[in-house]
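Both complexes shown next keep chain A, but they swap its partner, so chain B is in the first and chain C is in the second.
Take a look at the complex of A and B:
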């Protein structure tokens, strides 16, 4: 793989807890223990500009996530301060110079139902309407709904499910259909192995209009830190990545003949990959847009990219890690004067581009290509007709290959 | 502002045992704290320093604070995105689409051969472009000479492999003689000998050439080994002793060498007999010492006699084992079949150090001789062309019926996976995405699912780009995708307060809720300002207005206003009455609508609003009055209501009298 990079100084004065990109990858929201949320926009020159920064919570902001753009420019955050919040960007209507077109983010709602830290927050698939699920350290999953998608200040708590396990992460299944009812999975970072599976599956029952736990993933009894459903490309099964003491990829095939709550497992769950390459706890997993590459971040300070080959076996294709020796200091980074809801645009720090050039070293093949490869009729001479002319037969041949 | 870290900085420590690469992120904090990665968009990702926190963590600044924190936004890059190589991407797309029109078949067809050659000439044109751009001072391509060399190397090798693949799999008839094609392949890619011969032959055409050219015998032997007998004989005639007995003998033997021609009219068996007779003749003469006086000529004759002992002489004239292979076959087994190549290839490789000395190119060529297509594809896929060759070649071979392995080990067509990967890669590029679409089009349900996923995610740019995306989705019958894209566009317009445009998109997205919301916005705006800001659109809604009741009302209301403006008061009055009776009017707009009835009520034409119509209006008014009475601070509204009530009463009285006097009008 070959990459081109733009590095920006995120201007949080501490570690970033979470970065979320919008649907297109054109906007970026960051959150940190400084309790601020920042929004960055990419301009047509692919430069990232800080367009908003505001204090969102009274505790560290754990996670930030975007809603589908069909619902406008909407963010949700969750925090140590036991709340989750929904934010909407609005464009000012003021007529004063400089005021028109100003954007700022307003808090549309503050979800204060949890009595403990809200550890994850995710918007549901858009086809279900505007749904927001949260999970918290006391083991409660809450599903909120904005009944009128054009009015984000009204949210109703539709469902409250208690899992009896301290929850750390949740993921919506992006696909559902007649065969697949709405589904989400939660993970628990409860270390006690005797409490059983740490990954629980919940499904919505259309008839009872309720969410219920329909299955749990066997064999995952260690603490789970992150969990993510892969996009479904027309498959009949679901694919779930789990960050626990190792990285796991599971497939889940719904069993056709099983009556829910009959005590039988609802899914045929198979582990298709299990990697211990991090040699330690895995914190995060993230799928690329088509669900073909999984990124896992471990306590070993590495990110690994996993890809499925044609034989349906998963292999590590890249390892990314930090290197302080190369760190270039980025000077002159303008600091955004961090007023709440500031709409000022401060240009990002000079970005850098770095190419891990596959040509030189990463792809095994080129390095093994024979060095003196230009033996054929591909020398300058042949192509531009410089002296001396190639033998007549050569000319004839190259003519015979003339494109039609 | 943006700089490319030179890849010379050896920031990749490669573990030779695995195929994974290590990428170092130049960030000290990432090294100290660890890092995490988040995918974004299509083929982009962000990396930042990260330390896990959980419910047990104390909510304090980290040990690193205060510190600068960076987000590194990375985008997958590919040599296919280089401007100079994009031509290859676009041109090969045309050929690819032509290939898809074929039906898979194992028979050798002129169509597949032509398309294969087309692919190869595209690769060659690409190499040519790379080399021309090197000389062109004005070019804007910022390629370093090393990069250029690499690119040329990559595509040169691809063409080399493709050519052999074409001979063995595209243009092959089972059991046919392949040697003439292999000779072409070698001659084409190792042209030095021919070039040297050309140089000698363009010099003075008189004897003594071996004295003038030190490489005379090397060239002659080279030509013999490539089967270029004509120039070889021409060279021999220029030798100082060309008139001597041994040279004359050699000339006559070379002249009578039987050459196998596919359409030569000879069966393989007949040819073999002739060949044997001729070669026995050569061997006898060599053994009887006819050529011993000329050492080099003797070597030449030993080679053509197929003598085992000549292999070492031949080897010293070859750069690669496959050159030796072809030369050996030429004088030992000229009628060799494709499936027999494997055996000879292995032995030839032995002369060049065996498998241990093989490079990837050698391995791929060996795999080709072994007909191990799968291995070839696997290795090609790892090459630095982002899968261009693997994808197109596999696809072509599928249409040549050479991928029967498909069904056994894979759940889907082998080439489909490659096509999807290639298509997705192109979709991640701002200007190549449309090319990517055509690849996904040919990948069955999975490709379609990919398109449904990726099309809405293409970065919104200009309106024409959006329309193009919508058109592509519509052509593929993806209504949900179209609606979603339109809805997003509508929301963007709404955010910028462009209600009219937003309404246009809402109609395209067929979202009734959104249309209702926008209609509400327009109506409310009207009650405040008394104007509509997108009257053109509203006046021309047509049947689109039926998407939502509120929009229907808005559309009809505008129609009413238009009628009224144009003086068609009678029609206007009819429409107004129906607006009230249909109960479509939202509460907040009732007053406005009633105010609009004033001029009609006060008109001198009594027949505009009948007594029944007026009563209907009056009941609406009273309903409104009741609502207002319950809420305070509505004095201004109450005043207006009084005014309207008065007008209504007058009109009611007038119309009752009129209707009583003219009962026939009511019938």
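Take a look at the complex of A and C:
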């Protein structure tokens, strides 16, 4: 994968804690300890221009996130000052010269329920309406709802859940399926290993109308700094990326045989990948829109990109250095989809390469259609490829993480 | 002192003070007034000053307490009733009260000893005055009128012995010379709200002020007051105290909301350098124990805490120093902490600075680099956009759609996707379906009206053949069919064409489905079947029975009747074989297709899944038994979501702004002008819903 690095002079006076793209990827918001939020817009030359900057909080602003554009141009922020805020961009409709078309951001609400630093804030999936979840350092998850999406100044606190762990991050399951009840996962940066798992899964129960903890992810006992559900574009399972002392990717398969109330784990959770390549604390994880590439960044000052090949094993495909250089491009094994393109190959070469690989591959491909390989209790996959053998080490490794 | 420790009292203290050699601490509040020895492992109460007959006397109710800077036995308190009370710990009697100055008219907020002249005491009161007292003559010597409503804090300057600073509720700072009680020599407005506290820097000519406006400001008072630093905190600031031996560090406590004691580095005014979160309620007083490593604090939660600096939490260390985000085009934004450490270390002469200074310097140098990585040669993007714009998903017969889409995918280099389309074409081609269908129906006939069904099949057969005749030559047809079968094996491309439109396809596929359900019924009888074995005979079946239609065309219809008859004879011979034969439709394509689609979905390629589903149209229902409708819906909504991210929508689906009208019949509409233009030339709804719109 080839990237062209551009430096952006953000001019924040302190650390930038979060960067967020809007739904379309053409606007960007940054937030910093300097208590400011900045909004950047991309022009037709693909240059990012600062279009708004304002003091949002009276403490470090930890996270910034965009709402679905259906609800307008709306941002939410959370801060060390124990509040979360919802902001809306207003396009001036006044008649005075210079007033018309002027854009500015106004605070629509300030959510002051937390008694400690609010460490993360995320809008819920659009299908659920306008929901906002926050988590705080004292371990409380709060779910707010704007009953009237036209009135962003009115939010009601719908649910308050206490996890008893200092929380650092949260993520909604973005699934589009009505079969999946609303779900979110939270991570704790509590360093004390004896307190058990640092990633907890909460699910909404339609019958009891309550959120309840259904699972705690086994094997994650170190401080968790970031957590992210992969966009679920019709996968039968959920994927969760975790930034802890390493990068982890988990799959979560809903169990069919479990009654929700029974208190048993709702998901069959397996670790499909675990990377220690950063050699130090991993701070962030982020998925691309299709959930096929994971970006992780750590104290080594590098962004590493991970991609799953068709053998179901995750490989590093690129390393980007924080100083704007691309450390290296790792060519993965060519797949039938042709995911490789290195800096060296000219623009015409790849397509030819794809064509070749197609000829090589096509013969075995169709003849290798095989019935579902039943592996273990819950792993079911259809296998295509030259080898009839089931997927390699990643899966074997993951078996050890499966429930005893 | 080895550890952070605390002791709980019967009431909250408003203030605390240390004696000059920092071995004892006094705490004072409305209901508590005690002296403790600071010992190695604990705080030991040595004296309770709240003794006597009249404990409710307001002289005991203290806003502030000060320990003489020279005499170890002299204390002063500021009482809520306006008295300044002097205490002598060396008094033999139980009561240590030495003298009461009743000069102020209202509550006294603050008392403070002069750092060099131990007999000089100053007080600041709610009545807006400050008074100095001479402890030798036990008299108020001077009164300073601030001309403000109330004085909240007053403190002698450590740098010039005649000067003191006073802060008041109107947000102003006054600098006085004790020799000139008529007026202050400097006055300036420091905050937009009441100032609750001030503290002189022990070495610099700096004065820190703490206000309800949530800020701490540091003023350089060397000549004219210059604002050096502003720290904005999350709540009203109640007290501030500079950290000894650390030029830039200052401790603060909040008046509301925040229970922690924060130590700030004024050069990084956004996040506390260290934070002490032991208190359960807001802290009321802080006192450094003469060194930068220990301090004591009182709180409204009735505790007195002894803090070790090393036990502090460092909020900055938990703060995530990086941000990374993907956008829908695969570009990546990345912000990370700028690493200046190497640079700093190289410029510093070794041994010049203490270790703690260095960590503090690193703390201060907090800035981020931000980069935007524009993805070049973004094949996923090209694929997606190419397919999204070039795919044909309806309006033509399925095989045509498949061919078109397969070639679109092929041209974009997506061979797997191309194969999927070809597979769909093959599996849903009427020919193959037909064989399965015939067998399935035959099975049906075992249980029911043979004749009718048979006739129906035959008729259909003929119809198909006729259709075939019309569209292509027989000779080429056979070779093409063989080609197609080979396709199944080899997967190579054949641009095979198909002879049947949607009209023929539909009833077929419906029967096909029926065949399926029969297969499912049989399934219950024999469990031990396996897919590969089944699939194998199917091919033979096809090969065996492929000739009949050809013959049918070449010869008269009669022989074909015979072949049909023959196959019908088959079933009664043995039930097992019948089951075997019916398995053919069971191997049915829907399983393969759904697996293929699921595979693509799991690989994140929902585009293929959704496109195939749409292209299949009504035939999509055939998949329902293997592919949950909810999953199908999920794929479609997910695909729509991604298309939306790329803004691949029609003008017609956008939200209309301005003057608009809509048809009451179908609820579609648009800008009035545009609708008018459209309707001049058209009758049907512009949205394509087929409604004949009426606008009245």
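Here is the rule we go by: the second predicted complex is superposed on the first by the 314 of 404 C-alpha atoms of A that agree within 3 Å, B and C clash if a C-alpha of one lies under 4 Å from a C-alpha of the other, contacts with A are read in each partner's own complex, and residues count from 1 in each chain.
The rule we apply is simple: contacts are C-beta pairs under 8 Å (C-beta built on N, C-alpha and C of every residue); 3 or more make two chains touch, one makes a residue touch a chain.
Note that the coordinates shown come from a computational prediction; the quantities given were computed from them, not determined experimentally.
Student: With the two complexes superposed on chain A, say which partner A:225 touches: chain B (first), chain C (second), both, or neither.
Tutor: Once the two structures are laid over each other on A, A:225 reaches both partners.
Student: Quick check on the superposed pair: does A:10 touch chain B, chain C, both, or neither? Answer first, second, both or neither.
Tutor: both
Student: Among the partners chain B and chain C, which is in contact with a greater number of residues of chain A?
Tutor: Counting contacted residues of chain A, the larger count belongs to B.
Student: Does the superposition put A:283 against chain B (first), chain C (second), both, or neither?
Tutor: Both partners, chain B and chain C.
Student: Can A:203 be said to touch chain B (first), chain C (second), both, or neither?
Tutor: A:203 sits against neither chain B nor chain C.
Student: Looking at A:71, would you say it contacts chain B, chain C, both, or neither? Reply first, second, both or neither.
Tutor: So A:71 only meets chain B here.
Student: Which partner chains sit in contact with A:82 here, chain B, chain C, both or neither? Use first/second/both/neither.
Tutor: Only chain C is touched by A:82; chain B is not.
Student: Under the stated touch criterion, which partner chain does A:215 make contact with: chain B (first), chain C (second), both, or neither?
Tutor: In the superposed model, A:215 contacts neither chain B nor chain C.
Student: Who does A:90 touch here: chain B (first), chain C (second), both, or neither?
Tutor: First partner only, chain B.
Student: Looking at the overlay, does A:149 come into contact with chain B only (first), chain C only (second), both, or neither?
Tutor: first
Student: State which residues of chain A lie in both footprints, the one left by chain B and the one left by chain C.
Tutor: Residues 1-10, 12-17, 19-21, 23-26, 28, 30, 32-34, 46, 48, 59-60, 62, 80, 117, 168, 189, 225, 231-234, 283-284, 286-290, 292-293, 295, 297-298, 301, 303, 310, 320, 322-324, 350-351, 354-355, 357-358, 361-363, 365-366, 369-370, 384, which sit in both footprints.
Student: Show which residues of chain C lie in contact with chain A when the two form their complex.
Tutor: By the definition above, chain C touches chain A via 214, 232-234, 257, 268, 270-271, 315, 318-337, 339, 366-377, 379-380, 410, 413-419, 423, 488-492, 530-532, 592, 595-596, 598-599, 601-606, 609, 628, 630-631, 633-635, 637-639, 641-642, 644-647.
Student: Tell me, which parts of chain A touch chain C in their complex?
Tutor: Within the complex, chain A contacts chain C at residues 1-10, 12-21, 23-26, 28, 30, 32-35, 46, 48, 58-60, 62, 80-82, 117, 168, 175-179, 189, 225-226, 231-237, 283-293, 295-298, 301, 303, 308, 310, 320, 322-324, 336-339, 341, 347, 350-351, 354-355, 357-358, 361-363, 365-367, 369-372, 381-382, 384.
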